[in-house]
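Across the two complexes that follow, chain A remains constant while its partner is chain B and subsequently chain C.
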Partner chain A sequence: MELSISDLRVCLQDREILHGVDLDVADGELLALLGQSGCGKSTLIKSIAGLLDVRSGEIRADGRSLLGVPPERRGTVIVFQDLRLFPHMTVFDNIAFSMALKKRPRVETAQVVERLLEDVQMPGYGRRRIRELSGGQMQRVALARALAAEPRLLLLDEPFSGLNEGLRDEMGRLVKKLHREKGLTTVLITHDRQEALRLADRVALMQDGRILQCGTPEEIFWRPVSREAAAYFGRINCLPGRAAGGTFSCALGAWPCALEDGPWTAAIRPFDMRAVPGGSGYTVTGIDFLGETAELTLTGPAGAITCSVTAGALADMGLAVGGQTGLEADPGRAVYFKEEART
Partner chain B sequence: MRGKRTWSGALLAAGAAVILLPMLVMLVWVFTERWAWPALWPQTFSLRAVREVLHRSGQLAAVLASSVGISLAVAALSVLIGLMTARAIVLYDFPGKGAAAFFTSLPLMVPVTVFAMGVQVTFIRLGLNNTVHGVIVAHLLYSLPYAVYLLTDGTRALGVGLEEQARVLGASGLGAFRKVTLPLLTPVLLAAFSMAYIVSFSQYFLTLLLGGGQVKTFTMVMVPYLQGGERNIASVYSAIFLAVTFLLLVLFEKLSRRWMRHGGGNFYG
Partner chain C sequence: MRARKAAPYLLLLPHILLTALFVAGLAAGIGQSLGLMPALGLTEPTLDYYREAFTRPDMVRAVLYSLRTAAVSALIATAAGVGICAVLVISRRTHDRLVGLVRLPIAVPHVVVALLTVLLCSQNGLLARLACLFGLIDEQSQFPALLYDGWGVGVILAYVWKETPFIVYFVLSLMANIDGSLGQTAVNLGAGPWRAFCRVTLPLCRDTVLSGFLIIFVFALGAYELPFLLGATAPKALPVLAYIEYVHPDMHHRPYAMALNGVVILISVLSALAYYALMRRKAAALRERGGTR
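Let's turn to the complex of A and B:
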């Protein structure tokens, strides 16, 4: 299903939560909706599914408006964060819930449920009660139940957030595999940027009830449209400077650019900063050793700059807190934001 | 640890004694002819009271039937109206909701005598006094607060989440309620039903005033004996009252067990 949302405004208890959301999801696409908790992600998918009243705007599925269509006839199924398995039913009855509503023949239902249980790697669990399942198993059952409803659009509301890292990865892979096999249009809500980048065809970045940016994982990561969007993917170094005559100059030096003259800020990710041992100008004021990588804090003319290095490189550099070093930036990787005139 | 257990045991025994001792005394009274103060044990036993009540077993059966009938009707209506009220209060937003929620418990705050007077005046105007349905409505007014209270708590605890899930999986609003909420709410529905039943079954003053003596319920027959000093006959009625209530509550429980075989019912768990 092709989903198209335009200028959507939704209020909860007289407070506007979504302030004009525009979002398109292509047929068969896996879109990750990324944002901090409280930014309106859940409100957005509940609105898509028809569980909330829309104040203004439009939601279209394959060109047809969904507004006024009751949730049960939208073909949009949500797997909620709290899973919401029916505690008074067995695993089988939970998965067969939507099929029972459609009055499918028993034999067919049994076959479909068995196949879905295999898909989510839980064959033979049909007779189990919900309270006998582990957290990861409940997640799989919730996923299987949603798939049994043959949704046109699958909405996943952080369904893996309660799991430990290993299970999370496994569930992520499972969703991606099922998505690929079934070609199901899917919107995955997450606040985990790596999960979003790894799983999604496109990522929509959401903040304060608005979509900040929507693009492929690479676009979102390399070409953020604003400082907020850039900051969502980890620390970024902001270097205030000026562009004049095709040259951008800041505390780290000057390099050619294609900007109109005026004040700009260059944003450069920590991995595109290079500490130059033997150089000077910067003092190492902090080393955070993270295992495979390490983050150096270098203080000097450009302020406190974060610089990421691999653990091996750190060992080779022989830097210690208090030591002197030089600093270089990779200008090719810089993103520029126009400085707003401050009042 | 041990001391704690002894204490709770003693409390339990005391609690049980407070309920059970009067019941035992009542059972002794069933077979008592003369039990004058200050004797600790009846002077004369007889089966006169039992015989007298059984002698009028036709009348007894009729009173029992109307009593149970009225109370079952009250209980059923309480649960129905209570459930709708609870859902309105918990799941919907409307102006004046807080006040409406507060006023549902109003009948419990106004003394029953005051309440009954007001209801009587209104009922006379409506032509509802001295009728069975009038008595049912009056009992309903009094048992509803309990039902609303219990069902509001139950509805709040269950939340709207599972119904939302059922909706997106393809169930209509009514279907989601019937397939998900209703079975999960069964223990609370039963509690509300039993509570409303008992409130109605033991109602005396409201029945007296609004039934005007025309509507005969169990308490209506029993209380005059109590006041007339025929304590043994009153005790026979009380014993029957107790037995009927007990049997009905056991029956409700059994029925709900049948409903709950699906394995839900860990509602309070």
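Let's turn to the complex of A and C:
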């Protein structure tokens, strides 16, 4: 199913939560909707599923408007964050719920449920009560129940948020596998940027009820359209400067650029900064050891700059807090944001 | 420090005093039903009053009348209350002012309810006059005798009017909560709102609905005002029999009245046990539901 959302505005208790969302999801695509808690991600997918009233805008599926279509006829199935398995039913009855509504023959239902249980790696669990399942098993049952409804669009509302890291990875792989095998169109809500980058074909970054940027994981990571979008994927060093005659100059130096003349800010990720032992100009004011990597805070003419190094490189450098070092940047990786010209 | 330790007990004191008062009254009543009334010179415990109560010719009819009016009114009120809740929940109007209006009869005293029932449902009442006015009947006397009849129709109608809002009050918030989460999930999986309600929301509210039913059933079984004011001369409800014996000028009737009350208590205790078993099951179900999140 191809989904197209334009200028969507949704209010909850007289407060506008979505402020004109525009978003397209291609048929068979896995799109990750990434954003902080409270930015409107769940509101967006509940609106798509028809569980919330839309104030204005349009939601189209394969070119047809979904507004006015009752939620039970939209074919947009959500796996909720709190899973919402029916506690008075067995695993089998939970998964077979949508098929029972369609009055599918019992034998066919049993076959489909058994196959789905195998798909989510829980064969033979049909007779179990919900209370007898672990958290990870409940996630799988919720996923199987959603798949049994034969959704045209699968909406996953942070379904892995309650799981530990190992189970999250496992469930993520399972979702991606099932998405590919079944050719589903899927929207995955998450606030975990690694999860979004790892699983999705495209990532839509959301903030304060708006889509900040939508693109492939590589695009959204390397070419953020704003400082907010850039900052979502980890620390970034912002270096104010000026472009003039094809050269960008800032406190860290000058390098060629293809920018129109005027004030700009260059944003450079910590791992594109390089401490130069034996150099000078910057004082090491902090070292955060993170295991495989470490983050150095270097203070000098460009202000406080974060520089990421591998743990091995840090040991080789022999740097300590209070020591002096030089600092270089990889200008090829810089992203530029236009600043308002001062009058 | 000492005051802080004592605080929970002090806060519980009003409840403890009320419970003690209730238990003392109950014990005194049971004692009297067993013929223990030293003020009247009755000091030997006996089951004679119970024997007399059970062998009374109108006893079976009185018990059946009480059970019937209590059960039928509780059943109708529960069904109506659940129906109103269903409409409110499905139409997402659980926070409407309308709900306040539905709950209004809870505050109306039973005596006033009896008076309203007479004004509405008697052969001289508003309904009879309207039926006559619109030509549905020729004379008001043709209006069915709903009050003071052997089936207790008036009593049942009055209880239904009074108890339906209680069921709405008792069930609505839980039902709205379940429908807003699991009911919504059922809709999302393809069920229409009514099917989602019947297959998911209602089964999950079942124990609460049953609890509500038992509460109003036990209340209707033990209360005497409505059967006394709206019931037939015969059969009489059990609490009415007890009341008549209780107010008898001869104090020697008091143990007999208490024995009749003892029968009501016995049926009430059985119902309370059923309620307790339900609540335990409900608590287990809630724990189970908590585990699914």
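Methods note: the second predicted complex is superposed on the first by the 340 of 343 C-alpha atoms of A that agree within 3 Å, B and C clash if a C-alpha of one lies under 4 Å from a C-alpha of the other, contacts with A are read in each partner's own complex, and residues count from 1 in each chain.
Just so we're on the same page, contacts are C-beta pairs under 8 Å (C-beta built on N, C-alpha and C of every residue); 3 or more make two chains touch, one makes a residue touch a chain.
If you're wondering where the values come from, they're calculated on a predicted model, not measured in any experiment.
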{"item": "Chain C versus chain B on the shared chain A, clash or fit after superposition", "value": "clash"}
{"item": "Partner chain in contact with A:337 - chain B first, chain C second, else both or neither", "value": "neither"}
{"item": "First (chain B), second (chain C), both or neither touched by A:271", "value": "neither"}
{"item": "First (chain B), second (chain C), both or neither touched by A:101", "value": "both"}
{"item": "Contacts of A:87 with chain B and chain C, given as first, second, both or neither", "value": "both"}
{"item": "First (chain B), second (chain C), both or neither touched by A:255", "value": "neither"}
{"item": "Touched partner set for A:222, first chain B, second chain C, both or neither", "value": "neither"}
{"item": "Touched partner set for A:138, first chain B, second chain C, both or neither", "value": "second"}
{"item": "Touched partner set for A:13, first chain B, second chain C, both or neither", "value": "first"}
{"item": "Contact residues common to both interfaces of chain A (with chain B and with chain C)", "value": "49, 51, 70-72, 76-78, 80, 82, 84, 86-88, 97-98, 101-102, 129, 131, 145-146, 149"}
{"item": "List of chain A residues in touch with chain B within their complex", "value": "13, 46, 49-51, 70-72, 74, 76-78, 80, 82, 84, 86-90, 97-98, 101-102, 129, 131, 145-146, 149"}
{"item": "Chain A residues touching chain C - in the complex, by the definition given at the top", "value": "49, 51, 70-73, 76-78, 80, 82-88, 97-98, 101-102, 129-131, 138, 145-146, 149"}
{"item": "Residues on chain C engaged by chain A in the complex (per definition of touch)", "value": "181-182, 184-192, 195-196, 199-200, 203-204, 285, 288-289, 291-293"}
{"item": "In the complex, chain B residues that touch chain A", "value": "93, 161-162, 164-173, 175, 179-180, 183-184, 262-266"}
